[in-house]
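Chains here go by letter, A, B, C, D and E, matching the order in which they are written, and residues are numbered from 1 within each.
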Amino acid sequence: MSALLEVDKVEAGYGAVQVLWGCDMVVNKGETVLLLGVNGAGKTTLLRTLVGLQPCRGGAIRLAGEDVTGLGPDARIRRGMAYMSELGVFPTLSIAENLRLGAYGASNAEARRRAEAMYQMFPALAQKRRSAAGSLSGGQRKMLGLAKALMSGAEMIFMDEPSSGLAPVFVTQVIETLKGVIGGGTSLLIAEQNIAFLELADRGYLMDHGKMAVSGTRAELESSDAVRRAYFGVGAEG
Amino acid sequence: MQALLEYAIVGGVLYGIFFGLVAVGLNLIFGVMRIINLAHGEFVILGGFGAYWLSTSLGLNPLWGLPLAALGAVVIGFPLYYAVVPGLQRSRDPEMLSFILFFGLAQIIDAIISLGFGPDQRSLPDEALGGGTISVLGQAFPDSWWVAAGVAILAIMGLWLYLTRTRLGFATRAIMANRDEAFATGIAVDRVSAIAFVIGLALAGAAGVFVPYLQGSVAPGIGNNLTTTSFAILIIGSLGNPVGTLFGGLVFGVGSMLMQTFYASWSDLVPYVLLVVIVLLRPQGLFGKAVRNA
Amino acid sequence: MRETWFKRARAGVITAAVLALVFGFAPTLYNNSSLLFMMMTYIVLAQGLNLLYGFTGYLPFGYVGFFGTGAYATALLVMKLHLPIALAIAAGPVASMVVAVVLGPLLRLSGAYFSIANLAASQILFIVIGNPNMQDITGGPYGVKIDQVYNPTASYAAMVMLVVGVTLIATFFRRSRFGQGLKAMADDPVSAEMSAIPVVRMRLLAWLTSAAVAGLAGALYAWNLSVFYPDAVFTLEISVFAIVFALFGGVGTVLGPIIGAGLLYALYNAIGISEPQYFQLIYGVLIVGLVMFLPEGILSLLTRRGINVF
Amino acid sequence: MSSEPILALTNVAKSFGGFQVLTDVNFELKPGEILGLVGPNGSGKTSVINLISGVHQPEAGTIRFDGAEIQRLTPHARVKLGINRSFQVPKCFISMSVRENIEVAAHFSGHDADIPAILEDIGLSGMEAAPAASLTANQQKMLDLGRALATGPKLLLVDEIGAGLNPAELTGIADLLKRIAARGISMIVVEHLMEFLNKLTSRVIVLSAGKIIFEGSLGDASHDPEVVTAFFGGAA
Amino acid sequence: NAPSVIKIGTLYAGSGNFAVASQAQYKGLEFWAKRVNAEGGVYVKAYGKKIPVKIVAYDDQSSTSTATTLYNQLITQDKVDLVVADFGSVLTSVAIPLAKEHKMLLIDPTGSSAGFFKEKTDYLADVSIPSSAVWPMPLAKFLEQEHIKKIGIIYGSNDFDGSQADTLKAEFKKVGITPVFDHAVPTGERNYTVLLHSAAAARPQALIELGYLPNDVAFLKSLKSSGLHFPFVFTIFPGQFKQLMEKNVGKDALKYTYSYPAPPMIKYEKVNLGMNTDQFLKAWGKTHDGAEANFVNAGGYNAGILMAKAMGTAPQFTQTDLHKALLGMSGKITTVLGAYKLSPTGAQLGQRLPVAQFQPQKDGSLKTVVVYPASHKTGDAIYPAPQG
């Protein structure tokens, strides 16, 4: 396996506050990596830094061997990254237009094909394809955000909590869809709290206070005390 | 009475279309970058002086002012954009900061025009745009009005096509809708915005070419008024939508001309009264989309 | 808050006292009292605008409408009803508050839509008051003349008092729960309602206060000027200056608008007096330069160093 | 517990621009009760909360709180009566500090709130001076809850506060909500996470496409075929 | 203890609505100052010698509030010896109370609003042009003489134009004429096409447009491009800024139209103070690259020579004596602008503005033919104007 994404001692923060402290991480081609960590551990910040939305204050980020640390988000996304943000959509644009933007670099025909697949998966979106995204419910927005990221067809997709706020019926569906995506050779880095996602992951990292506390395969994580503590609260009181 | 009414309506339509062009550049700059371009009117005037200079110094047809406006917008717009806008956007309240900055810019442009051309009014000969009249529904209007309206329609439709049919235009609308998400989607926000900025200036300059015709003359210092009227028009039509601005222009033009025909001294109330009434009825403008707040 | 009222108001009282001293004694050092008077007028307008914009987020592009209304109310009451000047001046803010109530529905709008609609409203006032058909009532385009009550010293003193008053009002906004509630509304009106804040009523209150301040400033300006045309008190330039000054100083604070207006207006005059040839050019360059190098307003020089500005 | 309902919705309906969001919604809530409100995305849960809290007004039907009709009252008036809510998409006062966010609500509602205790409850006690803008989305949601608690509500509407939390954090929140309920505060909890809801209540209402399709116990709901297809999916 | 220079303070508008006219007036004043200084200064009787003059000038940007502070600056800081108002009533208005307060005489070349001169004051003197309210008197008389009864009026909503319209209408009323078309337009109006069309529908025998310079430009351009024809068209500014108007609207658009021919377009040969019209034009051309002087240039110059004369006659160099001197000269002096007559309240009552028609010549130029009153008449009016 070759490394697609290499994160080397990355530091980042907001204003005077430093959030990430020398984060190391690797995502191999076709691999699905889960990013765990309690509230405020720095998961969102890491994903934003990787895609270039947050300036990298130290360290390096490499995509397929190329150093992309100095590139803007547009250049990184052109090189095959995609990012699903926690809450973002284009509120005054229609659902269809939002999806089209997800496949910003693709041809019209290709975008249409991918959009149909998305509508299949989320009939609620199909129903409202002409409505403004700003009128959607919280969960529908989430679906749109996810669909938008999947529209990109990127090699390396970052997802920030794709299942939060989704009804169980859709969580199951999302997992099934992601299995398909993974089968297609896409690499995923998913920050997620829903245990159900563990079944997708090859490996995972646990973040703690902006540092990588634990890393390992799914099995290793499942048996890690630190993960249990942070994640399931086992021994949290003790 | 009937004839007067028809004349006022046809005149108002032409005049309004022209004002749609005057305002549409502001719409783009305000809609995409959230820049309150208080210097908009000054850019319009620059276009007018450019056409005047071409016509008097080089003996060219003032319509060459249109490509000159585009060229000028590129030459002024890109450096200006990169010099000030990214800095603005990084600040805490870009919209409000732009207010001060572009106020200062308006002063500079006004001063430069005054120093370069003096305070005098400048007009252009009618013959350059035909010099005759064209009648529609039996109502004759000067050729220059038709040319201006024609160019305005082409420009606004062109902008509409740009925004709805091209990738860059699509990206532009995405930035208008949510700047952060546009970054996250991989749009080269700065480049797309810079292009929108330049197009906005070019449209302002292009409108300026016709100011000596539809306003009798161009002079430094008339920019304020154009800026204010443009803001009114674009809010009537709603932010971000060029067709809305065209519509806002029409509402303004026809309203003003009807008022001018029957109660001339109150005619400049029209755009403002319309604006207030329309936004109170539809707080997002005639063409705006509402989004939920909870 | 456990602090006493005095403790909270202290900074404001000191600021007001300093302003009163400065403007009270300035004419003995520099006797172009018109300039000092105009500077105070702009301090008041910038601060009045700050009460609305800095605390509620509504930027009144047509703020001058209230100023002009106050000026005209005073002038017309003196001219037509021969009211004593003190009463006529008191009517200034009343008139502008009446206008504010009529324009109240504009507060349903937000952002640019509000700003531009407010601008439109001020233009409507201007066009109506200056219309030839209104000659018998307002003097129309011929303006007004009340030089029988002209009294630069008294009007100057009154403006000093208004500066003090508006500083104290701003202090109240800045240091009271009321002001905090306004800021909450500006951040998120829906959440503010959910904090039991009567959003509509409080917004209207801020709007009326801001309007009254401008109306009173207009009334005193009319008294000080005594001969003027509609354009003199309704020109958009007044709105734009007030906004630029307030923003430049830093809105949402008490000191910001005072420093912004004082400094930029002083510069404006210094350039106008020393370099009349290139007045506009230099002023424009200066403003652009200041914004580019101090994008957060002048007070950011302090806040950037972690100093909490009052 | 008195049998008089603290909240009663009768034939409530709402639409946006021709799109029917809620149709004929009827239900009651007893004092001190916790009601789970579930349903697939876009079924109208948040809209129900919006109508009860006054963010929107119903087109038809009545909403009674403590026996009085409230559907025409302003939101802040309802807050004063004792209704409050959190938001699905956090909406705190981002230019203020954590503490100020809560102080404002306490002040304007006239409720003598124990602010340190609230901060402790919502897990932000170390961060009271931090600007709200620097909180993570989940922390902001907790701050929203704190703001609601500061007004001393009798009825609390909680909109997907568990979304994006891990099991440990969920347990913490469930405990918190139980403690709040123990103070006699009635609650409507909107949530997709059934384990979480299960810790709080047994009574749920299931919405689908704006209509109530089920009312009863959580256990029964998971066996109701209509609920299963609409909400749980094949997996449940 | 004679001062080494006489400081004359004034304002001009570098930008804004009044820039064109204001700068023209300022140039006129400067022209005067250069000439006196070239002769060693102005003779001041109180000191018994010639003293050079120095102009202190600021840019008020056409803003009244800026003008207020700058007038005050001139008076209190620069301590100028004389204050000359900026162009026009609007920018003059704010100086009036200030001048009174500081007991300074305000030399007012062009602020001619009737309202300024209602009460007696020692601190205001309109030295150059009569109140705009009396400008249209000869025009009214001329129309009456020509038996033109169907009249249309379009005027700007401002003091300058409104007062002229009021006077015209009052004069017409005396002879039983009500205008068939009477519309005030906003001062900023630049679009006359539709308005002209409505005016044409009323079929007036004469159409009078009273506006500021940009209004007249827009009006005449619209008239020309509309293809409409009126037998008689009157506008204010071609008579005052003929060159500028010709350049803007073209000679064709001015053909057969009427205006007030202000000096130097009408000439005063016999003057007893300063240069006569031809001398003035020549001297101006020499120092201004051959440019033709206009009315407001002459107004600025005129203010200068009258001030000089006042300084030369006032026994003491005080504002009251200077004012008395200016009043004392009333009725005894003719300048490049004609007779100088001051009312006790300081209003200018001197030469009224005649009516002239621009008649095309064989060589394509436009000749300014004074058609009224008889005392100045240089030719007959061509009425109705030939079409085409």
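A few notes on this one:
By our rule, contacts are C-beta pairs under 8 Å (C-beta built on N, C-alpha and C of every residue); 3 or more make two chains touch, one makes a residue touch a chain.
This is a predicted model, so every value here is computed, not measured.
Listed by label, the chains that touch subunit D and also subunit E are B, C. Chains that touch both subunit C and subunit D are the following: B. Chain pairs A-B and A-D differ in how many C-beta pairs they share in contact, with the greater number at A-D.
Seen from the Cα centre of subunit B, the chain whose own Cα centre is farthest off is D.
Centroids built from CA atoms put subunit C at 49 Å from subunit A. Centre to centre, using the average C-alpha position, subunit C and subunit E are separated by 37 Å. Residue positions 16, 46, 55, 87, 91 of subunit D are each in touch with at least two other chains.
Chain contacts: subunit A has residues 135 touching two or more partner chains. Counting partner chains per residue, subunit C has residues 127, 131-133, 190, 279-280 touching two or more of them.
Remark: the chains found to touch one another pair up as A-B, A-D, B-C, B-D, B-E, C-D, C-E. Every residue of subunit A that touches subunit D in the complex is listed here, in rising order: 14, 17, 36, 38-40, 44, 86-87, 124, 131, 135-140, 142-143, 161, 164-173, 193, 195, 229-233, 236. Residues of subunit C that touch subunit D in their complex: 177, 180-181, 183-184, 186-188, 190-200. Listing the residues of subunit E that touch subunit B in their complex gives 13-17, 19-20, 23, 62, 154, 157, 183-186, 188-195, 197-198, 201, 213-215, 217-219, 221-222, 224-227, 244, 247-250.
For subunit C in complex with subunit B, the touching residues are 59, 105-106, 108-110, 112-113, 116-117, 119-121, 123-124, 127-128, 131-133, 189-190, 236, 240, 243-244, 247-248, 251, 278-281, 283-288, 291-292, 295-296.
Residues 51, 53, 72-78, 81-83, 85, 88-93, 97, 100-102, 104-105, 132, 134-135, 148, 152 of subunit A are the ones touching subunit B in the complex.
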